[in-house]
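Each of the two complexes below includes chain A, the first together with chain B, the second together with chain C.
So, the complex of A and B:
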């Protein structure tokens, strides 16, 4: 028997990213509630202010993309504020009296990783 | 092992209105500080400072009493006017009486001995 020689390669990054990227989706209990991009960002800022006060509300983060129809967004936050932002999203319960919840679909230090999500693959 | 360490901050309250010092109470100050922490650091900050907060104020107060007593003794040694001297001696004697009554509760202090030496000189 002959064994074919095979080799594998592992690549290690020395300088990791300064940011974390999150793909999130806002779900309302009732259908038909819409937010534009500015209202969406304001909602996130108020969630941070609720849990972490004025200091938390000043945390710099960006809404890179936002789809008004599906209420999905990609957020970017610096590594030091990542835990604060995610915990604020977790604790957010309502918007203007309507019950809602954030679903965090994917998180990565690299934006390119958010382009593919193996969890969304469907087996035929 | 990571331990919880205590930090004490001794602060001076500065205000435009001199009368507010008379009306400011312990509980009012604690409430004000808690509200400010809740505003600046949110729910997380308010929860983080709620444990053992009242105890730290008492410790700061004790330190402040000792510090002011030592300052009075220094003033006593430096003052030249006889009337001032008597007034300061009265204040020091009063603070020593208060200190003795708090010693019975169990607080240890060496301020009383220093005061007695200064008064004799």
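So, the complex of A and C:
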């Protein structure tokens, strides 16, 4: 790291965020399947339980935003549970007998980063 | 076990926050903005404001255009005509994987983020130096590499700070290629009542129980821009997120976002206009201006290499107070220099 000349005040934090944020999208093989926010969260809890058992299912995380129409959500999870949550999303294959998959669109330790993703820029 | 532990770790990230004033005789804020070249999104938030102020309306719609050129060969960038018309001074910086680097036959250096076994290399071509001597070995080798040895073609985004030449030069210069003009996308929204952290410019780190600091403000801003509900109870099943404490209630706020390929000169202009928003008394105690870089650009600031681990984030944010003090925050992910 290098620093510019002195400012009036400076604070520098390494790993300042206790959380990681994930923008995800749930896709079903068949159309027309809907979930409300509570059902969506329960689906994630059961995904954690399936892979990591009861201890995994107790991992605290938040569904900060959820769009019922597009099945897109922003999740917040503590850093120590980030890999567990992401791997649970990866391994989830079905909901009530319907085949589905999670797409992880973006991850960041900064929530502000999730509001601007240049990889989503489409110009055609 | 060590491998497992490493796999469970989250990549390192940095947040640097500094404080200064627009009355400082050294305009460091301008230099900072002008040396961030690849800007994808700019957004500003004005508390206690319902509509886009008229002094900003014209500027917000004039931040473009930018251009997309498809399948453009790299050798077009080293022609004297291109350099003399558009570049004046500058460098062509390539971030290449190992195989492509070896195939080009050009001189470069390993990426500083590639670890013990270098899998990524950086090639930097000084365009001014090349254009001064077209008979030099360097020019001939670069030209041979781009035209014959490894003719690389990419889709490019162009944005050009025109200091006087004909307006449609980029369109006419690349008329032999597929070139499209684009305008930045502007979106604005009036936000209703929302909680916001209590800030004071002198206390960038906050004051426990009295004031929030810059890191809390940064996270709150992310929540506002992503439209996160901030009125949750601790026992709520779906989300427990709430506004940092201590907080106050805003009656309204205006959030405007512009996305595209945005020039640092235009962002500087926007910063100056936002700073002068407080020339007349306003209810808002402060406002913010955030800028997101492109996640995959080879450089983020000056010529500093921009690596990315997962996110590629490189964001800076100004908090402009009504007394002309400002906070400047820089947030970067792993494999980036944090230099404030």
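In this text, the second predicted complex is superposed on the first by the 108 of 124 C-alpha atoms of A that agree within 3 Å, B and C clash if a C-alpha of one lies under 4 Å from a C-alpha of the other, contacts with A are read in each partner's own complex, and residues count from 1 in each chain.
One rule holds in what follows: a contact is a pair of C-beta atoms (placed from the backbone, for glycine too) under 8 Å apart; a residue touches a chain by one contact, two chains touch by 3 or more.
In this text the structure is predicted, and so the values were computed from the model without any measurement.
Of the two partner chains placed by superposition, A:27 touches none, neither chain B nor chain C.
Looking at the shared chain after the overlay, A:68 reaches neither chain B nor chain C. Between chain B and chain C, it is C that contacts the larger number of residues in chain A. Contacts of A:7 after superposition: chain C is touched, whereas chain B is not reached. Once the two complexes are laid over each other on the shared chain, residue contacts for A:54 go to chain B alone; chain C is not touched. When the two complexes are laid over each other on chain A, chain A has no residue in contact with both chain B and chain C. Interface residues of chain B, counted against chain A in their complex, comprise 37-45. The touching residues of chain A, when paired with chain C in their complex, are 1-4, 7-17, 20-21, 37-38, 41, 60, 62-66, 74, 76, 79-80, 82-83, 106-119, 121, 123. Per the touch definition, chain A reaches chain B in the complex via residues 48-56. Chain C makes touch with chain A in their complex at residues 7-8, 10, 12-21, 28, 40-41, 43, 68, 180, 182, 204-205, 213-215, 218-219, 221-223, 225-229, 237-241, 257, 259, 290, 292-296, 310-313, 315, 317, 331, 333, 337-340.
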